[in-house]
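Dropping a structure here in structure tokens format, bear with me for questions.
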Amino acid sequence: MTLVLDQVSKSFGGLAALSDISFKVNDGEIVGIIGPNGAGKTTLFNLITGIFPPTEGKISYHGKNLLGLRPYKVTALGLARTFQNIRLFGHMSPLDNVMVGAHCRTKAGVWRGLWRTPAQRKEEKSTRERAQALLQLVGIENDTDSPAGSLPYGQQRRLEIARALATEPELILLDEPAAGMNESETQDLRLLIKKIQMMGKTVVLIEHDMNLVMNVCDRLVVINFGQKIAEGTPAEIQKNPLVIEAYLGREEA
Amino acid sequence: MFWQQLVNGLTLGSTYSLVALGYTLIMGVLNIINMAHGEVFMFGAFVGLFLVNYLKVNIFVAMAGAMAASALLGILLEMLALRPLRRRAVSDLAPLISTIGVSIFLENLALKIFGPQSQAFPAGALSGVQLQLGPIRITLVQIVILGISFGLMFVLRFWLSKTRVGKAIRTTAESIETANLLGINTNKIILLTVALASALGGIAGVLVGLSINAVEPTMGLSMGLKGLAVLILGGMGNITGAMLGGLILGIAEVFTVAYGASSYRDAVAFGIIILILFIRPQGLFGKRQGGRF
Amino acid sequence: MKKGLTKWLTGMMIGTLLLTTAGCGGGSAPAANSESEGAGAAKIGVVAYLSGGGAAYGQSQKEGLDLAKDEINALGKVKIDLVYEDSRGNNTEAINAVNKLINKDNVVALIGPTLSGEMFASGPIANQSEVPIMGTSTTAEGITDIGEFVFRNALPESSAVPQAVKMAVQKYNLKKVAMMYSSNNDWAVSGYKTMAQALKDNGVEVLATETFADKDTDFSAQLTKISSLKPDAIMVSSLYQEAALVLKKAREIGITVPFVGTNGFNSPELIKIAGQAADDAIVASPWYPGKENEKITKFVTDYKAKYNKIPDQFAAQSYDALYIYASALEKAGSSTDRAKLRDSLATIKDFQGVTGKFAFDEKRNPLMDATVLIVKDGQFTELK
Amino acid sequence: MDIILNQYYLQIVIFVLVNAILGVSIYMTLSTGQLSLGNAGFMSIGAYTCAILTVKAGFPVYLAIPIGGAAASFISLIIGYPALRLTGIYLAIATLGFGEVVRVIILNLKITNGALGISGIPTLGTKISKMLSSFGLSRFGGLTAQQTSNLLVLVVLIFILAFLVFFCTRLNRSRVGRAFASIKADESAAEAMGINTTYYKLLAFALGAFIAGMAGGLSAHLTFFIGPKDFAYHRTVEILSFAVLGGSDLIIGPIVGALLLTMLPELLRSASEYRLMIYGALMVIMMAFRPQGLISKETVRFWKRKLGRRINQ
């Protein structure tokens, strides 16, 4: 069992952002988390990655309790993420952005970096090659002169995924990767997510683009006003009355 | 002895509060620490001195003149140093560095114009009279300072909460962009705030100049750093915090000298800056800033 | 990539070096050792604290020196021209000023710098370059130990303060006193140490020692604490600005005992700021404008005519310093030979200056007698 | 050749190099986006530790200077750990407060001799020439003792500065440098990418303090005397102005800033009372019109492209 959320809730002061959320994510699955804006989806990601602790409930990953772990420790455990509003390292080149992702997988410190020891040079070469491979995977050619901040929007989204993949995660959390993408870019994204699954990784996806979600995800979790109202395969969810009401509202009887 | 030291602490503290009010106002609205406020305070003192010594003006008119001159200096400061920074997305350190530059400029300008000598208000201007209340001895000027600083605090609080302009200032304090959207001419409001804060610095300059009777160009730096400590102690941008913070710092310094070692007096103000920022960054009365995300 | 880095790095280094030397080389052609300056005029460099917080002291020194220069050149026995450099009371800049005067302006001797700290920093450079340097206001201990070429005509605290303390102890028969000094000013701290020693020699008990900092303006806490101990007198070591404020505050909270001060007290500014509160302030100083001596009265009248204020001890001691150099130059007979000037300086005996009879001892410190003064209704008068 | 040997210019170049090293110290902390105004405090710790070791304990200079740096670095860890929760102006003000507290402590300690400071510090030059003469090569050509010692000091300082530039360039291209740059760009995103931001911010803080401490030790041995007054608020502002004028994107920025601002007083010797006014005005103008400083990534890229085009034309 990869990721287990057990009765997790989070409130900021009086406002209950999430209450009593429990669901599991199995290895190799693609799980979609959907729900109207402000339902608490990104808050859920922030709880999982340790940005702030839940008010109640437990989150475990491969049986290991995530509560109290600093975000970088969560990432080291193999749980990478992207952000709803892109947070790339704007002034650094695309290649450097991805190489930063490999940070927790490499060891060279100040001393080895300074004298360029053989071990450091080898590690640097392999990080560079792996980063280039990831850039090809997400379809960005690396021209070091233009900083990441000046790339077109779609490419920045994909660069963020490449950077997350550089941390060699087993589970990757994508926060609205398709936001602001046109038809063909969303199509490429679908193929990319499938490729990531083929690499044996588990994907948890927050997304509003329904036809992307419906045909890429194995299972869905629906959250509305901070509560889990449904869970199941895309087919079941489409027919679930609670979900329809949450999205389309009830006809006036 | 304890009561006299307490009074000493309060009078010293009230001068710090008066200086800190100007800091807090700018910090509250623009989220900027105006490092040049100490120098505006010094300029106010010199203008007051000039009016009293050369134009033989009565002390209260001199105070008004000092407030006007400092307000003008504040407007210049805002137009030249702060406004250009808002035009482009610059890090929040830029105003700090820019106002440090202004403070050096003003200190040396004052050294050039007024000369390095420390000058004094003539004896007659208010400072001589002394009152004896039981064991405590307090001069009239110190009472005036206590009165004016508390008075200004209430006036400021009332003005900010009740009047239309006050509300406009507080909306700009929340966020300049939204205030703009709501049709508030934020540039005018910011200019007004800086002018008001500098006027407060001006009157503080005259009053402190009267009570210590030594006005010289380098007094801006030490008073400025003390005002900064009060700003942080009281809570960034919190007016009551500035008032009480000033009194607390004054008493802490006096009691360090009276009961501890007088040579560690300066360490009190800076020690407070470090301790408060570590333990309670929002200060004693400030509200918690937003979380990391 | 490796080659690119080292090439770029060395390029940068050479660039910085050339930039700096070219930058300052362009300033003015360095007259290395040429004899080209004015016919026989001795060029003396002056390093003084002319701008910044303590500029008042540097400026009175300049005024004293200018007055002396005009008089000496009028006499015609020796011609002197002065080159001023501002050290802003900062050690690094004092070093740069001394270096410039020695190596670029090629001066034969130096006067200054104003603060003892600056002398400790720049004195060794003058000494190594074998150029005589005379401090006129550097009273800290150990200044002349820097080297053979370092002189001073500022009466060190160690001779003036004990006279003031002895006189005060006898006159007011002091048993218990309190002490105050400015702890971040090297001049004040060494004055305090000498004063404490003098008190011990006279068997006077020190009830409390309070400190403050230069530019402090509030002394209420220290003075309230001291007044509760009821001392017979208060000994203060600081510059006149803070000393005046201490006096004012003390009189304000009802302390009437006499004050004894170190050199810092001895300036007309003390009376100007403290006003009436300065009464009963005692200080020993070599300079006393009120003394009946035609050399002093002439100096005071000329100074007042030129700068319309009474000369303070900084002006007086610089004035004398230039006259000492003038007589040494006369004896040495050359206006460019630094070593000869140093030797003739060391042998100056019974020189009669505005600060009284003067001679250098073997350690190049001044042997002067100090008069003990007391402020009485706004005037420094001699304490008999 | 005569210009090089003239002691006045030699001394200025030496002060330029010491200030350039200080510029590198503030660049180091700025490389993680942290503005520390405590560099004058670390410099004073380094200067006093080093001076006390050489004057009172008779340590050799080449040992005392690194120890001074290490002492400053050690104390930066103690103050740094709690300070790192702060960012932006709060960190700047806290470190400014730290610098002033260090000054007050130095004023009151017996060993640091309070306001009297420590005098009679043996000059770097004499120490080095004594060391060299023990190896038998005491006098080069016709130079006087003064000139040889100054030239030797110049060579040592150039070597130290060159090593620091080499250190920073190598660091920037390594994993640690990337971690610094990512923290500077977006600290929370860097942490989400698996970087222990506290560790790396502390590392940058300690490296900056080490360099400032070493610069303190060096300057102590150049001015024979150090006192608390030399490391007060104005010194911090001076170091800051190097980075502000030169720009803090690249290592060359603060060095050029230090070069220009140390030369300014000598070029303006005649109008020296206006000099500080010009400093102040310069900082305001730089912040208003070129906050990234004279030399930034764009300038380097612009020149590379310009020069590149001319070379292959």
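As written, the chains take the letters A, B, C and D, and residue 1 is the first residue of each chain.
FYI, a contact is a pair of C-beta atoms (placed from the backbone, for glycine too) under 8 Å apart; a residue touches a chain by one contact, two chains touch by 3 or more.
What you see is a predicted model; the values in this text were computed from it and never measured.
Least step count on the touch graph, chain B to chain D: 1.
If you compare C-D with A-D, the chain pair joined by more contacting C-beta pairs is C-D.
Look at the CA centroids: the one farthest from the centroid of chain C belongs to A.
Chain geometry summary: the mean Cα position of chain C and that of chain D are 32 Å apart.
Each chain gets a centre from the mean of its Cα atoms; for chain A and chain D, those two points are 42 Å apart. Averaged C-alpha coordinates put the centre of chain A at 72 Å from the centre of chain C. Taking each chain's centre as the average of its CA atoms, chain B and chain C sit 36 Å apart. Residue positions of chain C with contacts to 2 or more other chains are 51-52, 183. Within chain B, contacts with two or more other chains are made by residues 108, 111, 261, 263, 266, 292-293. The set of chain A residues touching two or more other chains comprises 51.
Here chain B touches chain D in the complex through residues 33, 80-81, 84-85, 88, 90-98, 100-109, 111-112, 221, 225, 228-229, 232, 261, 263-264, 266-267, 270-271, 273-274, 277-278, 281, 292-293, going by the rule given at the top.
Those residues of chain C that touch chain B in the complex are listed here as 51-56, 59, 183, 210-213, 215-218, 220-222, 224-225, 228, 241, 244-245, 248, 252-254, 269, 273, 275.
Of all residues in chain D, only 35, 79, 82-83, 85-86, 88-90, 92-94, 96-98, 100-101, 104-105, 107-108, 188, 233, 237, 240-241, 244, 273-274, 276-277, 279-284, 287-289, 291 touch chain B in the complex they form. Of all the residues in chain D, the ones that touch chain C in their complex are 2-4, 6-9, 11-13, 15-16, 20, 107-108, 114-117, 119-120, 123, 145-146, 158, 161-162, 165-166, 169, 219, 223-230, 252, 255, 259, 263, 265-267, 269, 272-273, 276. Residues 167, 170-171, 174-179, 181-182, 185-186, 188-197, 203, 207, 297, 301 of chain D are the ones touching chain A in the complex.
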